[in-house]
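In the two assemblies presented below, subunit A is common to both, partnered first by subunit B and then by subunit C.
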Partner chain A sequence: MSTTTAVPEARILKPLRRGAPRWLAWAGYGAVVLVVLIFAVSSSAFLTPGNISATLNQAAVFAVAGFGLAVVIITGGDDVVNGGIDLSVGAVAGLAGTVAAVAAGTGMQPPSAIALALLMSVAAGIINGSAVAIGLRPLLATLAMMGIAGSLNLVISGNVKVPLTGTTFEWLRDGRVAGLPVAVAVMLLAFAVVGLAMTRTTWGIRSYAVGQNPTAARVAGLNPVRYVFVSYIISAALAGVAGILLASRLSSAVPGLGDQILLDIVLVAFMSVVFSRRLVVSLGGTLVAALFVAALTNGFTLLGVASQWVGAAKGVLILVVLAVVAVRGRGTAR
Partner chain B sequence: MTTDTQHTTNPRDDNSPDTSPGSRTTPPTSRISGEPRRFRADVVLPRLIAPVVLAGILLAFSALSPVFFSSDNLLGVLNQAAILALVAIGMTVVVRAGGIDLSIGVALDLAALAAAAAIAGGYRPWVALTIGLAFGLTVGLVNAALIVLLRIPSFMATLSVWFIGTSVQQLLTGGGAPIYLQKSQVPDGFALWGNGAVLGIPIPLVFAVLVAAVVYLGLDRTRWGRELTATGEQRTASRISGKRVSWLAVSAYLLGAALAALGGVVLASRTYAFIPASGQLYVMDAIGAVFIGATLSRFGRASVPGTLVGVLIFALLANGMNLIGLSFFWQGLARGVALLVVLLLAILLTRTTRVPVIPPALRRLLAPSTARS
Partner chain C sequence: MKNSRPAVQATPLALKLLASSAALGLLVTGCSLKEPSSTTTPAPAASGAAAEQISPTDIPSLEGKTVGIAAKDIVHDFSRVVYDTVQARVEELGGEVIATQAEAKENKHVSDVENLIAQEPDAIIVILGDATTLGPALEKVNEAGIPLFTIDFQSEYSTNNVTSDNWVIGSTVARTIAENIGGEGQILVFNGFPGVAPCRIRYSELEVVLEDYPKIELIEPELQDKYEGTVEDAKQQINDALRRLPEGEIDAVWSCWDIPQIGAAQAIDAAGRDEIKVYGVDAEPGALDMIADPESSFTATVAQQTTVMGTRSADNVALFLSGAEDEVPTTSYLEPVFIDKDNVTEVRSELGI
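Our next item is the complex of A and B:
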């Protein structure tokens, strides 16, 4: 808390900046370019079209689910313990994949199987949103939902891998839209839709307002609860989309995968802070962060680094991100 | 039942002094002093939910399974719950200090790993305990450094320690291979911690009860505990009033990690093994138990007795579901629903019980004002 005395002075001098040096806004991009360059130099396979396509494919799942989590964090405020967080994204993604696989396995048409899976996801989002709207801490509400969705996943799948076959799902895995893999196209579409909605519509701007200062938003006549409620539904729906993409890519729904991808989704959403000029959670930043994490995982694999180190690298990454957030000077007066 | 009758009779004499305009200065003082006979439904009812749910679970499973309410089974449940209790008590301290510790499972795992490896290497039990606790404390130290020195929010700091700790675990075990100890080669002194009994009471349970008592007294009866609570709730105010907020936070994260580490050593001793990533199962339950327990407090404050109620809810639920033959697949669902129900009811009761109290008060408030005008 030693900087508390320094921050007010800095505010008087430069009222609009919150203590973060200007170069920091570009440091994140610099790190990405640096890492990509290192991989490109040390592994000849890294920049081949096939590998780039695979990396983008890997990034798609985390990016799509990350967009949803980013919306929740933007609308709920980025203070983690009391602000917006959705811990159930991983479990809901896993559940959506399993529901789609089991439904398709029973002979349901792929579009209706996907619709059913998304319906389940939205239902989870409605429960999350209602619990938070009633006044439960998001951390606890979504923690409970994480347990419920994870458990439902086990019950529905019987804790075995459920194969996901059918031409639709194979198209999701191998097909191409305008030269891009379908998953990547879905990622870009989700980015365009959610990104435009958050930055170009009244609803999006108001969501930002609610997240940054709910009291001010209420005074200004907004109903914060409504925006928060919707944010959890968006998050759950996008998690469902991500889960279907993941299950299609693996050609099966693997139980227990939801818990594993949760950490990556949280990492991607919070890392977006580094890629935004104002150092806040953003959708564009989430996209870059997802690509970066996927490139990192992919590059490590190409270099033959043991997979155990990737987790450590991600942990260190979060810490670097958070050191940046600490530089921003947030939370000094709490 | 009793609460209902009290709540219908009492609000009248509860609110009459508040609403008479003449005596406006007296009621606040009596409310602050908190006389025990003053009953307010919106304050008391939410606090009864967790115990009522616990009693409901006890009753329901007693009716469904004849074995459930036997002393043997209940002792077994308590023994099973002991490790979760240790972890959750550690979490209680951290939450009381205003943080959260997601890496508590890593502390548990690393302690179990170190203890199991030490026993496998032929070291004496007390060495294994010391090494285990040291590994756990290392995690606590890293947390404390990140949170206190770098001022990273506790959720994110401990989340990244979770990542790193999982990696470290895999590296130390050569990619996540479990360590199994030969029962014959495990010294009795080590096996005792997880499997022994004193006067018929399992030793893990003895540990949990002792730790619960000590931490309860520490949090609620000592200066350290009061300062820790103040720091958790009003950090800036505590700092300004001269409390050593940094050291208090450090002590909370170290204590949390140490208790989780003790749980890890007991787990290794009980299972004669180290199974990677077994600690993560405890993290979410511990958080759930702590916040279920927080509904017992009028201020939503985490406390050791409350946490134990939460732990018992989870433990009895798991045991009862096993006894009536529901597969473990359903247990996450039951826990999630229990957590949601308790917390939501606490919030809803806090809100809605004001409704039957307010209308007569409103009527009386309106009456004098209309008479005056």
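Our next item is the complex of A and C:
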């Protein structure tokens, strides 16, 4: 594997543009620009710095966890049944928040509490990765982990909210880095690190290769299992980061939180398809999707539209994504 | 029956969605969703009931005022009715409503409040919530100079909280159980929300009352009810408990709300274990139907005056914004109404539930 060169990878990457018409690749961005314009014209509050900052802040948790899920889907392939998926992201995020809160509550220093929470998340990722590596279907393996993490969360928290206080966590909630809320800074940092890793490193390019066509990747000398294994660890670690950000935002770890956030994380990761030039799941697309979903919720409120409509809007978005994927799939010789 | 809401939402969603985003900021859309549901809830009764304390004519107009509403959920009847009536009353008083509901998601509830602040309404009403998770967001409401009102949610930042007297509810239910089962026996409890204030209060009142009934025990381990999928889950849990605990080992089932008890009573009725009595709170329509059925194990519940809660909160906003701050108490307590098999029909027609 160490002897592989970039040539076969480039060949694997080449036919990525599938059967979709070229304009479709820009339709997603077009929709975002249109919606933002509508909101900006209709509400003077929409583009105020305070509101933009609040919206970015609301997107951060879903974006960070979404990046991890995107890596899993990229590496495992986006086939709905057999492809890469990590259903445990929500539960692991919830567990990380609870572990941090309980640890901090027992007097542990915040950095140690956060480290412990992240270790716990990585452990979940290792189990997920191992299960998938030995051949379990990701959908089922991570569903099992979702149950385990969710139930551990209840045990550790005693099914009560665990307050998360102290200057460190208050800083995570209300602090600013270079004028941006801390959660937004973390989101951008995670995007930069994971985004660069996926597109500019050998490892990242190979992960794409493994996800697009594992057989070809194997023929080219890659070991797909290795990349898939790592992807679940990245996903769980980022879910842990998201969980700590969310617990800080809520000033407490909330039992059952995992179920509340899972769908939105899955939504932004899959929605990234419409924000990618090649119409595949991508990190950049995930970021745009998370911002778009947050802006929708925010903008609808500013317009005075009852927030039930946001659920409808998300439903329409999912349909659009599925339609795009279907159109893309047409003409693809699989 | 009463749940016309999902049906209303389902059909014209996509179309209306497009229309609403195109129809730059027409507040009409905010109203269009509510019309069907307010017809199913007794809005007229609500304004009539508000007359108990202050006659409607005394309530100043909300003309030109905007009131933001952040409800935690519209999952069960209590929150749905409060959500609808408070909106109906604000509009009746001439005000504009920006309504949000968080689908029972803590994170969305915080976001909703933040988004409302950006809109700079004249007042914000928060329906249900948690002091810990919402605290920082409510502090921002205060910092923005927007008066905050709450319903069934005690917060240090709230100008006025409209709530039932949960201590009375808790002790009344507890006393009733203790007396009904003859002062001795075992009670199975659902205690899934020890962190939610009304539930915490009602549970501690149960403990206080039982101090004087040493022959009554709470069965360990306590059951954990869930916030969503509650009925089915509770039914399953009670079925398991019935298998584990034979006749004579359970005398009553307690919960701080009706929803799990609907499932519990279904399971008990189906198993024919008529020695067990079920008690809840909230007067959910499903629970009332069962209480009205003489064969059912569902024995009693407590009605909160949900429609009055909504109108009272809107009235308090109007009074406060008109300068009559003295007339707005820190907490507006509403009398709970105890409902059992004897008075269920009567109370239902009285309260319109």
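Just so it is clear, the second predicted complex is superposed on the first by the 312 of 334 C-alpha atoms of A that agree within 3 Å, B and C clash if a C-alpha of one lies under 4 Å from a C-alpha of the other, contacts with A are read in each partner's own complex, and residues count from 1 in each chain.
Following the convention adopted for this analysis, a contact is a pair of C-beta atoms (placed from the backbone, for glycine too) under 8 Å apart; a residue touches a chain by one contact, two chains touch by 3 or more.
Just so it is clear, the model here is predicted, and its values are computed rather than measured.
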Exercise. So if we stack both complexes on subunit A, do subunit B and subunit C clash, or do they fit?
Worked result: clash
Exercise. Which of the two partners, first being subunit B and second being subunit C, lies in contact with A:Leu257: first, second, both, or neither?
Worked result: second
Exercise. Which partner does A:Ala54 reach: the first (subunit B), the second (subunit C), both, or neither?
Worked result: second
Exercise. Can A:Thr297 be said to touch subunit B (first), subunit C (second), both, or neither?
Worked result: second
Exercise. Which partner does A:Val266 reach: the first (subunit B), the second (subunit C), both, or neither?
Worked result: first
Problem set entry | Partner chain in contact with A:Ser43 - subunit B first, subunit C second, else both or neither | second
Exercise. Once the shared chain is lined up, is A:Thr168 touching subunit B (first), subunit C (second), both, or neither of them?
Worked result: neither
For this session: For A:Ser235, select first, second, both or neither according to whether it touches subunit B, subunit C, the two together, or no partner.
Result: neither
For this session: Name the contact category of A:Trp309: first (subunit B only), second (subunit C only), both, or neither.
Result: both
Problem set entry | Segment of subunit B intruding into subunit C (one of 169-177, 295-303 or 331-339) | 169-177
Exercise. In the superposed arrangement, what residues of subunit A touch both subunit B and subunit C?
Worked result: 154, 159, 259, 306, 308-309, 311-312, 315-316
Exercise. Where on subunit A does subunit C make contact in their complex?
Worked result: 35, 38, 41-43, 45-46, 48, 50-51, 54, 57-58, 61, 154, 159-161, 163, 173-174, 246, 249-252, 254, 256-257, 259-261, 294, 297-298, 301-309, 311-313, 315-316
Seminar exercise, completed: Per the touch rule, the subunit C residues reaching subunit A in their complex are 9, 13-14, 16-17, 20-22, 24-25, 27, 29-30, 33-34, 96-108, 110-112, 114-120, 130, 132-133, 135-136, 192, 194-195, 224, 226-228
Seminar exercise, completed: The subunit A residues in contact with subunit B across the complex are 1, 79-81, 85, 127, 131, 134-137, 139-141, 143-148, 150-152, 154-155, 158-159, 259, 263, 266-267, 270, 306, 308-312, 314-316, 318-319, 322-323, 325-326, 331-334
For this session: Using the touch definition up top, name the residues of subunit B that touch subunit A in the complex.
Result: 99-100, 146, 150-157, 159-168, 170-171, 175-176, 235-236, 239, 245-246, 280, 284, 287-288, 291, 327, 329-337, 339-340, 343-344, 347-348, 351
